[in-house]
């Protein structure tokens, strides 16, 4: 067919191929889902609009759709619990960053990790973040999602002793250049334990956090 | 001659023409200084290297050179004290931002304002800034100087009720792009009372602060 | 809920949290408005389309909608008049810059300042600006809004002795790059008392002017 | 040899090939000069450093070197005067723009046109320009040279009824990006009769003005 | 009202204010047209869609609409013929560049100049251009319109002894960046008598050509 | 003094403040080193030239200088071994990437982790990488350093089940734009477990890897 | 008419003019097709939407439409077979790159070459590519199509001894910048026999491959 | 050692590893040369300064240095002549492009192909190119080297029926952006058989041409 599903990936990398839903038709997604389900893999489809999800759910009713995260998934609830200890902190700067933050959080949960959500704690009112300092410091790893000037990971990075995955979002306007501003901020952070994924790549943030959390 | 000194400016704008020293020869600077001094104006020459300053001081010994700020100046100490109330807070993120911060601070002092300096309080160790919260909040206006990711003005902007002038510096490397990263951060700040001047423009930061302080 | 309204902000910063309406649903805006109104705060919601405004007004009929500025607001007319002296000059280059100029002007009025509007005085016919020189010079602070080449703040900056807040707009085409041209012009101004906010950020221009006007 | 001198150009285009001196050795320049002089062409070599000029003058003593313009030339003083009527106005914003302005002015003079120089009349003190309005308005064509924000051509363009050639310079720092700021300003001018040449291309400004002046 | 029509412009600059139609409502255009017509000015409105034009023509039936050029105009046919000698060559590279080329050509005709159109002569088949060499060489001035790589002005510039106004268009895709490629090509041309206007600015090309043609 | 050393950092973040040596004088570095040594902290100074290192070593002879990595350090060999299990794989594409790769490797070793170096295994000869597949797959975390097109992390990311920290270098020319090409490649990787640090930020790569390795 | 069809091209370049369908109306395409068909040329129209194709097919029923490639064509099946030996390998990284890959493949087939398609073999699962190594190595020339990080041509380039034409696609988001990331990757490849065409220019990839294949 | 020489490459790709000299020490180059010579491979080292070449030649006297091309090489003159038919045309626009053009030409000659050099035939005097039309048309493949606006490949591409490899150079100033202008021109060419290599990558141009010539 049109795609070579990488069935070897689960063995090689620990998780089956994740489906990037943007630009794929419902039919294409269904056929990949079925190929993966045939081997009892967990299913994670990102960037799925509500309309497309409804079409897919009609054929694959065992999947669940998370509307904020735009994610379709199937999770093996009967499988071994991967990591009981600890949790991933998913931290978001503003209410506009929710879609990306939830993409990270749901990705992590589907792949078997616990998540604590700490949202709307942007740097313009720093006390809101400091109120959650302890909860953040006790996480195994943090995913920090921010748009506009993207300063939040620098502040979080200075408070914790664990790795921080920074996710810039495209929220903003004018000289924001669709997330470029936040991306550059995060790459140039003067705090030390920060690494960065692509603009709006909540999935990448969640996936990296899971790899670290489940070591 | 080669230049039309804007002698009308002091009347129109409150201060005589300030001389941008970069790219001007010592001789050109001396001739403009003498034209301005002839009318008893205060003198402010920015971006003057130590070597150039020494040549100029030989001819114009009444000037003073500030080496960190790269500024040559003459200030009318006998003139009326412009503003007794309040002060300008000049805040810098890292020790590498000192030259630009001092350009702002010395500019403000030469033009007649009081300055409080609060340096090396970058966001990666936020407690250092919070230790000075009160001193900052009681200023009339803040000038916040930062390079690398340039996040400091956003945090300061969220703590105070006065205007903040943000000055990005070109300190950094790689995806910093000579200060572009800090500039974009500051333009996209989600804190509200922040306006921005050009990269490394400590003079502009100080001058704007003086206009506000001496209202 | 989804948002942590920063109720402490009025105390810390002088004004309650301003709501950025873009990308928020009418329901989200209503719930934040109600939380703020519960403590008798003034209300300022920017970037609200006419359609969204009508939905919100149905539930919150005490608000007023300014269609040119795209602003929804509630202003405490019975409160103390903040600043009787002086006014803010809001100056716009072309008729296409009106939306942003009004965002600045209405923001300033809702937050309690007087505004003089001087519109369609772009540099291609400099006499139009010079005709208003005195009115501009007597303001406490100017907000100068311009698109295309964005040259107007430089000329205004050379005429006045008070601070100028420059607001680039995204009006233009081709090598304008959605306002980048005007932004760079303003950051590089050779006039001295100019600071800059983000492209199309009329709100930021008005807010900064208010902080200065109400010192 | 290494170069194919375009001897047909004088016939086709009115002027012999102009030599771009940057990156050429003194020897290469001498050999092209001699090929052109053999047919009695006028000589114009741009971007020649003082050191290189001295080497060339040793072999070609009939040339003249203009140090500010960095131009080496030989002009047929006995030839027919090309255009007695009118003159080209070369207008420069700041004293730092002199090299480029002189590159334009000397190019025009060598190619046979009269030039009026109006320098240091940048927009931050608009009265300086307005003092020369009549002299500018009576020119056949203007070349306007400006760095930093590059706003001068827009103001000149609004005062005159003849064509304006705008020359951005690389003078500036930070978000000037080596002249990009001035270039974009000029391309986006809202005044109508303005066209633009490359950053620092004084030669192009002068050459275009001559073509227009000598129509 | 909302606009300050620059009635003095015809005296100062030779032509009345031209109306940039993009972003203006039909009502706004009608009211400016009527203000200009009241003083018997020629009318030129650029960037008018067919729909908007029809609304305006209903109120102002004396105007004419050129659909390819997107221009509405009224031309004083009884006025003095401005320039009988010579013509402007408007040269276009591809069939996709027609809208911009016609914006230039119609602008020039409305302002009283003769135009020769030479279209679809891009550099990939250079014989097509060379077939028209004589017609091009005998023009007073050329306007050269090209998208994609924008190489045509360099070739034309090497063939003629008159000024060339280069107009880059936004035709292209990928690394064309909406006309940036053609713009940079034209600014960097190694042919000598070329100056450049903004991307897609056919009006600017035509207007500059008229100023030169009618000297 | 000029700097506020963040002595609280070791407690808060696990490691004492690391000194970024670029742009600091030998004297400044010595005084910070002494402040940190006074509390028996490990010392890590990055970006120190050989000349500067020699000056510092004269005063602080207990430090060691690694010339390839440009790092000065002092490591508490008597302290508890932090992590006996596993190792960090530091993988480099070309011999030109050595400085950055060693900055990562030495950082990791000074902070107490084991490192395996796998160098000169770029994608243009993929068999060289595949020869080391097993050694890479058994690491706890990989740091992948590459310049030019920066494709190596994508290939490594597809082979392993642990987190990959990608470090772009500025090696290349032309359309490489000082490492931008490699940076964008890494941010856009279609492999899943990759996060990215700034161009040439070997320190960041090593530090993040240590945080993960020592969980 | 509006276009000058380059009838001489088949003689000069081996193939008749190819029609770039984007931005042309169905009527314009029909009239060019008829002019070309009148001389019995093969027909290749790229970038034709399904709707436009249906209109054209109604008038020109001898054409065939390939929906994935967005290409309309007519191929002279009775003509001499151009090249029996060898084939072009068209290799694509992901299923989202299919449209561009098919534009290359169908172009090559219409112009008379054999094509082997090897799709969905991106670098994140390198074994998929290596499984086809022999088939790729035996091609005369490869066209390698990839979006996102665009790393595939580097790996292919290191496996083969024939020329590789790299085609970046605009597939991706965030810091992909509409294909810029893949374009820069390919231009900076450290493998040696790679040259690059514009983003999404499948036609250019196929055409270049045909010129090489049919030498 | 520090490098893994890819000895398998000659078998896999037809030529031994080529050494990129920039950034390598003379010692590093000598050790790689010796490793390659030990297996009797041809040697090609690009980007070697005269000084570095002299050091290497002292140890490896059998190598030859080409000063214009900055190339060190050893060519097996006794080996089989690879391709007697045909030749590669290396075409350069200006005398400043010579270094890059010679890098292409010498690369091709060392790898066993015949080269015809056609230099200083830029588009500003198109007759110079047309004078060589036949010689160019009879080549098997062309390498076209151009800086500034980079228009030459488009014109050559329209004259020939063989593949054209375009090499942009960094020659130019201002809005040339170190060769970006020429690069974009070439990527956007409306001629059909053109593919592009990196800025200043004469080696890449020559190498690709050899692969095509020796098919």
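So that you can tell them apart, the chains are marked A, B, C, D, E, F, G and H in the order they are listed, and the count of residues begins at 1 in each.
One rule holds for everything that comes next: a residue touches a chain if its C-beta (ideal position, glycine included) is under 8 Å from a C-beta of that chain, and two chains touch if they have at least 3 such contacts.
The UniProt protein names, listed by chain, are A, B, C, D, E, F, G, H = PurE domain-containing protein.
Worth saying up front: this structure is predicted, and the values here are computed from it rather than measured.
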{"item": "Target chain E, source chain A, minimum contact steps", "value": "2"}
{"item": "Steps needed, at fewest, to go from chain C to chain G via touching chains", "value": "2"}
{"item": "Most distant chain from chain E, judged by the mean position of its C-alpha atoms", "value": "F"}
{"item": "Matching chain pair for G-H (criterion: over half of the contact pairs shared, by residue number), options C-E, A-G or D-E", "value": "D-E"}
{"item": "Whole-Å separation of chain centres (CA-atom averages), chain C against chain H", "value": "57"}
{"item": "Separation of chain A from chain B, taking each centre as the mean of its C-alpha atoms, in whole Å", "value": "43"}
{"item": "Chain centre separation (chain C, chain F; CA means) in Å", "value": "46"}
{"item": "For chain G, residues contacting two or more additional chains", "value": "124-125, 158-159, 174-176, 180, 183, 187-188, 192, 198"}
{"item": "All pairs of touching chains, each written as two labels joined by a dash", "value": "A-B, A-C, A-F, A-G, B-C, B-D, B-F, C-D, C-E, D-E, D-H, E-G, E-H, F-G, F-H, G-H"}
{"item": "In the complex with chain H, residue positions of chain D that touch it", "value": "2-4, 6, 8-9, 22-24, 28, 168, 170, 178-180, 183, 198-201"}
{"item": "Interfacial residue positions of chain B with respect to chain C in the complex", "value": "12-15, 18, 140, 158-163, 165, 183, 187-188, 192-198, 204, 207-208, 211-212, 215"}
{"item": "Residues of chain B touching chain A in the complex", "value": "93-94, 122-126, 130, 148-151, 154-155, 157-159, 172, 174-177, 180-182, 184-192"}
{"item": "Residue ranges of chain B in contact with chain F within the complex", "value": "95-96, 98, 119-121, 124-125, 127-128, 171, 173-176"}
